[in-house]
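Some structures to go through are shown next.
Heads up, the next two complexes both have subunit A, just with different partners, subunit B and then subunit C.
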Partner chain A sequence: MESADGAARTLLSIGRLSRGPPFGRAHGRFGLSPSGRLLLPAPRSQENADPQRTAFLLRKQWTLYSVSPLYKFSNARLRDYARLLGAFIAAEKQKGLAVEVGVELDIKVAVSSLPDLKGSDQDQAAILVQLSSRSPASPKNSEEKLVWSGWFCCVSGDELSENVPEDFTCLPLFLANGAESYTSIVGSWFQKTFDCSFCRLAISPLNLSWMAAMWTGCKVDKTASAMELVFSVPCLPQPLDISYAIHPEDAKALWDTVQKTPGEITQEEVDVFMDCLYSHFHRHFKIHLSATKLVKVSTPIASAHCDGIIKFLQSQYLTGVLMLLTELAISQIQ
Partner chain B sequence: MQRRQSSKTPKQPPQVHHKNQTDLSAWRKGGRTDPEKSVQIHQSPNCQKNDSKQDSLEQALRYFEKVQDRVSLKKSDVLQKHLTTVESIALQRGLPPEGFDVLLNVALSGKLADTVNTRLLKSLVPASVIPENSVVSSVSWLCVSKCSGNVQLLFLRWLITVFDFIDHKEQLHALYGFFFSFLQDEKMCPYVCHLLYLLTRKESVKPFRIRRLLDLQAKMGMQPHLQALLSLYKLYCPELVTITLPGKKKTYFKNSEGPWKAAINAVRRRNQESSPVSQPLFLGTAQPQSRKRKWNTQLIIPASSTNRNNLEEDREKNRVDLYSTNESLPLEQLQTFSQLLQNIHHLEFPSQMGSVLTNPLLLHYMNCIKDESVYLRLYYWMGQTLREECTWCVADNNQYEEEFKDFLETVYKTECFLQEGFSSCEEFLYKSLPLWDGCSCRSQVLRLVSWIPLSSFSEMKSHLYDPLAQLFFTSSLYFKCSVLESLKELLQNWLNCHVIHLDSESDSQVHSLNTTLSGLVNVVAELIHFVGWISTVALRLENNPTFLLYFILDFYETVCDMYLRYNLPLLIMPPAGVFYPALLSMDSVSLNQLCYIMYRYRTNLVAAKENELSKKRILQFKFSSQTYQEYNRYIIAMVGCLWTSSAFQKDIHPQGLQMDDELLKKTTAQEFKTSFNIVYHPAMMGYAVLFLQQAQPDDTTLNFSLIKGKKWDWYLKYLYAQGLKGLKVFIESSINRISQASHSKAEN
Partner chain C sequence: HLATSLPLPSEMDHLRPRIDLIAFMIDIKSKYSLKNVEASLAHVDASFFLGKVCFLVTGVGRVNYCSVEMNAIWKLGEVYCSPVLFCELELEGIRVATAQRLLRMLQICAGHIPGVSALSFGSLMRNSADE
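Let's turn to the complex of A and B:
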């Protein structure tokens, strides 16, 4: 995985999702899964990747959305956006009353840029939106409580950004943490202001198995927690989940026997890896996991749920995971 | 005193009232509306009871109009009765517009006791609107202060609550000064402030008023209502109001909604239920809330609104560039086509492009503007919406089928308007057709198919034809016909688009790479072959119904004319599986249609041949000799079948009718030789019978062999007169009749 600078996208999935101008042709864009992917790249270069600066993104549950390109978004106006969004939130919260822009409000909005979260030079810098509340009792007290945060990002999303005219900003992946009511207000504001649309990004079982395989192959420094796969059994009157935990070293050993070319993964390898796990399980419990649905993958790198919820655990692999998620988001948009 | 007349008109039957109910517009014109109509407007249509209520309200109003002197409530039963009538009707259905004048006059004139006045004021619940005149005249009562302070206060509170129900406000604005003068009354001051707050416009802010307000503030201290008005003044004219006001203020005004708000809402709800036109009354500017569950739901087509984001940016730019006068027209003000024309140079697209779908003016504008970002914004929005809201691709969406249908309908209409398919829609179809059951939103989906953009591109087969064919073969006859219909539209749209491109050949940019002529010919040929194939199979599956045949031949009516009408160097004959069922159809409609089609094929082929011969240079495209051969074989079969009675002998098509005489003899059919011509053809025999009956009314033997010679010509004329125009043009063009020769032929 040392080979992998995010820019070296030799494996760009076959004939995927390049969109020409409107009313032009796009070929083979019908959600085919790529036949091969790069292993998670390590962070781009050490100089601009201070793990401290993105540490706050770790160990939180993020709900995933795909976002179509933002129209007339400008990085130079983040401060204005914060002001307008603040007024919008206040207005939404007290429906119907006019709100003066720029007045001190209960919810403070900060919009900032996260330049670290990039895959290639074409990627836009990620945008972080934070809402914090001031306690009404002591307005002068500077202590503010973070109530909601969300960020837009694009890691190696060249596929999308290359095909979009200047007026558009490609930040196809949106991650939110906090009350959904805030997600809804912030999302609506972005939709209205930049003519984009938000869509929940679910992760298919196929992509979850990709994640399981990709993340198994990653080195983690410390003794890590177990890798866990959760399966749900369909067509039962009561929901039944099967949890399958594997020692990370065992999983890694299995993966090493499966993987042929270091630094690269193919669909076939993923299938073999999962089949091995399934047959092992079948030997012990006489249950065919292949007949169930993979709903959650937890590894020391990250954990992902099919509903489109993710938790990052290693800042080292943050951009790598984001790259995969960006790819999924783009394929949902196009 | 027009109002009086209404009581004299005789009662009308209930259904007439019902009719009147729909005429809500009569109310809105304000001023003098036809009292009869408006009084009846919110009646439920069904019962006599309402009629009597109607009468009693009219009586009550007449009473209050005439009442002269102070009548004691306790002593007068009449007053009591009318007061209760007004109260109960007001609470149930609200009062009609012309009731307000009477009741406000009486309540504010001080003729009656305060208890009565209060009760009257409290029952002033509007059913629809309140005429401005009545408010103006009541303000004049206020100025002469005939009524008590409490009634004055109550009136002001009422006015604040029903402010939005007043039909016009121009005259009310003219009274701004009067209201302002009431500020000095300490009790009335808070309410007057509120009212002024509602009335104030920028031009109402005057230095002397500001001074007066500041004086009042100095006298009464920091009162929230004064602050509110001052901050509004400051907002309008910051240069005139220099004091600093505390920024934060929760509520400026006391709740003055009084007893009316709940009653107004109840009346509105009730009237909407019973009224046949559930038209929102005056406050209904907000769109009805969708019952959708997700915040990011896309199905609501956004309203067009100016892009604030850009506005602000522009303003910043303008600060730098003082000469720029290029202020754009706010979209909210764009209402008419002429406005569009006048402002077309400084219009801006809405903040959310999806809103153009419901705004024809913007669609016009979109048609003139060649801006890629416009389509791209629409592309992303529409793509996402279709994907997320599709009722058969996304579980749990079933319940929203109606909404989705409406949406697809809107998209289709937009495509028709722009004469252009959306690529997001095309992609949606390709993705969702394999999952489609052929039922949900059927007509909408099939109509959208007809706008799939033209492009030579091999995915058509796997993404459109294959899934469509599967559904086609397994669905009902009607579904098959609708598919054929929409494929015909698709073909026509492609051909039209091609013709437009031909016209604008010079700017070759329009031609995308994929639509070179040969590419186009290939795509069109692919579609026609596909339709030929499914038609053949469908005719067999369904056993050649005329209904289906009609749709198939309808498709070929476009195909046979492509060369001349659309300038496309391509002609494809129908397959034998379509041609023969039409030729041997039991129905003259199909036969006639086929004749017309063959005639058009002939005309096109002849024209093509002539062009080929006349032009020296080698044409890039010419019809292969195979096409001519195929046409000729069909013509031989047709002439044999309709004219020379030699179908069994002369037909040389491999799938044709040719049969050995030996074999024919075995059928034991008599006179098999003559079984097919315009007399004996099963589709024509009915005409032959009618013809004989008319020509020889006495002869009941129906001897068909009598139709020959001169009678043959008469028979032809008879057929043409029956509307078989296709047959006519076919015979006239394809059958060489030199009068005598043909006669002898016919006699053979």
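Let's turn to the complex of A and C:
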């Protein structure tokens, strides 16, 4: 699915995933509405992006949050922020909100910028926050252990950044990996310091099916793992989960027959793709998957869970997936 | 009268009273319910679509459980010229309010409200939804 980077950039401004307010009218009359068309994110060109620098983001489970714009955030003051956040965490521990039971850990904070993770030049560079610990009992020069990381990013978030007044920085997507207690401490510091608000970002089954269709279309090598969809069956006394695994080549072959225009996906194509998978399952098991709730999608590109948990598996598609997640975060903020 | 799909079994035809209003329920959490409604619509006589049909979309309280695309529902309302109502069955207040709305619509469709016909009411609802 490669397209020339220049062509990808001009098309980016037209395509959009979301359909506007959830229960409001789509813009324009039916038939002329542009909603439902999205450009398949092309793999980011490798000239300025060094895959090694973002390799540590892969294969980790990230919990998603949407963040409202930050007030008076400055890229130049990252070291100061690290120091202040470190002091805040130490103060919280003093107050008795201990995060680790048993051994007292010294938490060191590092805040850095990830300039590679952006879609357009208007996007803010991603900000990475890392908490590492060193046990005071161990020798001075022993290795520090990373206990928590979180990063803010904005990929192709022009829709939000254009409409925001001066002094506000738009970094609508926040991803966290590590103990929930650290996430809430770091989150509350950011909320107090920059007057923003964090909100868990859940992914609806509709958006998950978009991801399944989009990521199936991406080119992957022969050794790719199977595509897996997990469904949760409602209204049963005991919860029941159905896992449906599809060979990646079969899934791609099916998607190739469905998708008409390369580089564009419509809601109809996603529906047809999912309906084919559902009717195939029904033919064998007599179960209507369309009456269940799609809760998890796993493809060789990435895996996403409806509770707002994502795992990136391929660095070349990292920016593409982030673009999609940024859009979901922005629609939750607005 | 409740049915899970149409057509209704023909054995009961002679016992069944006149049908004044058909409310198709679509659960936004289940794509299957939309497909079911679309299949059942084919079995409805054309005269019902003059104000005696409405679409009731349930489960709208939780956006994150949405499996049905809203455009598909709007399209259904437009193609079949019938109003689309939204409700959340889990909340008692909304449940009661929706029941009252349906009851009012039923009274109009059955001809119990003088001066208002099903057709005029239907077009009134459609025009206000378009704004």
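The definition used in the following text is that the second predicted complex is superposed on the first by the 280 of 334 C-alpha atoms of A that agree within 3 Å, B and C clash if a C-alpha of one lies under 4 Å from a C-alpha of the other, contacts with A are read in each partner's own complex, and residues count from 1 in each chain.
FYI, contacts are C-beta pairs under 8 Å (C-beta built on N, C-alpha and C of every residue); 3 or more make two chains touch, one makes a residue touch a chain.
Quick caveat, the model's predicted, so the values are computed rather than measured.
Trainee: Is A:267 touching anything from subunit B or subunit C once the two structures are fitted on A? First, second, both or neither.
Mentor: Only subunit C; A:267 stays clear of subunit B.
Trainee: After lining up the shared chain so the two structures overlap, which partner does A:202 touch, if you call subunit B first and subunit C second: first, second, both or neither?
Mentor: second
Trainee: Determine, under the contact definition given at the top, whether A:80 touches first (subunit B), second (subunit C), both, or neither.
Mentor: Only subunit B; A:80 stays clear of subunit C.
Trainee: Once the shared chain is lined up, is A:164 touching subunit B (first), subunit C (second), both, or neither of them?
Mentor: After superposition on chain A, A:164 lies in contact with subunit B alone.
Trainee: Contact-wise, after the overlay, does A:294 reach subunit B, subunit C, both or neither (first, second, both, neither)?
Mentor: A:294 contacts subunit C only, not subunit B.
Trainee: Quick one: subunit B or subunit C, who's touching more of subunit A?
Mentor: The partner that reaches more residues of subunit A in the superposed model: B.
Trainee: Name the contact category of A:192: first (subunit B only), second (subunit C only), both, or neither.
Mentor: The first partner, subunit B, only.
Trainee: Go through the superposed model and pick first if A:112 touches only subunit B, second if only subunit C, both, or neither.
Mentor: Neither partner.
Trainee: One more residue to check, A:234. First (subunit B), second (subunit C), both or neither?
Mentor: It touches subunit C, and subunit B stays clear.
Trainee: Go through subunit A and flag every residue that touches subunit B in one model and subunit C in the other.
Mentor: Overlap of subunit B and subunit C footprints on subunit A: residues 22-23, 25-26, 30.
Trainee: Quick one: in the complex, what on subunit A touches subunit B?
Mentor: 21-31, 65, 68-69, 71-72, 77, 80, 84, 100, 103-104, 164-165, 167-168, 180, 183-184, 187-188, 191-200, 332-334
Trainee: Going by the contact rule set out above, which residues of subunit B touch subunit A in the complex?
Mentor: 247-248, 295-296, 298, 302, 307-310, 312-313, 351-353, 372-373, 375-381, 383-385, 387-388, 420, 422-423, 427, 430-431, 453, 455, 457, 459, 463, 512, 514
Trainee: Could you list, by residue number, the parts of subunit C that touch subunit A in their complex?
Mentor: 29-33, 35, 60, 63-71, 74-75, 78, 86
Trainee: Quick one: in the complex, what on subunit A touches subunit C?
Mentor: These residues of subunit A touch subunit C: 19, 22-23, 25-26, 30, 33, 35-36, 202-206, 209, 234, 267, 271, 274, 288, 290-294, 306.
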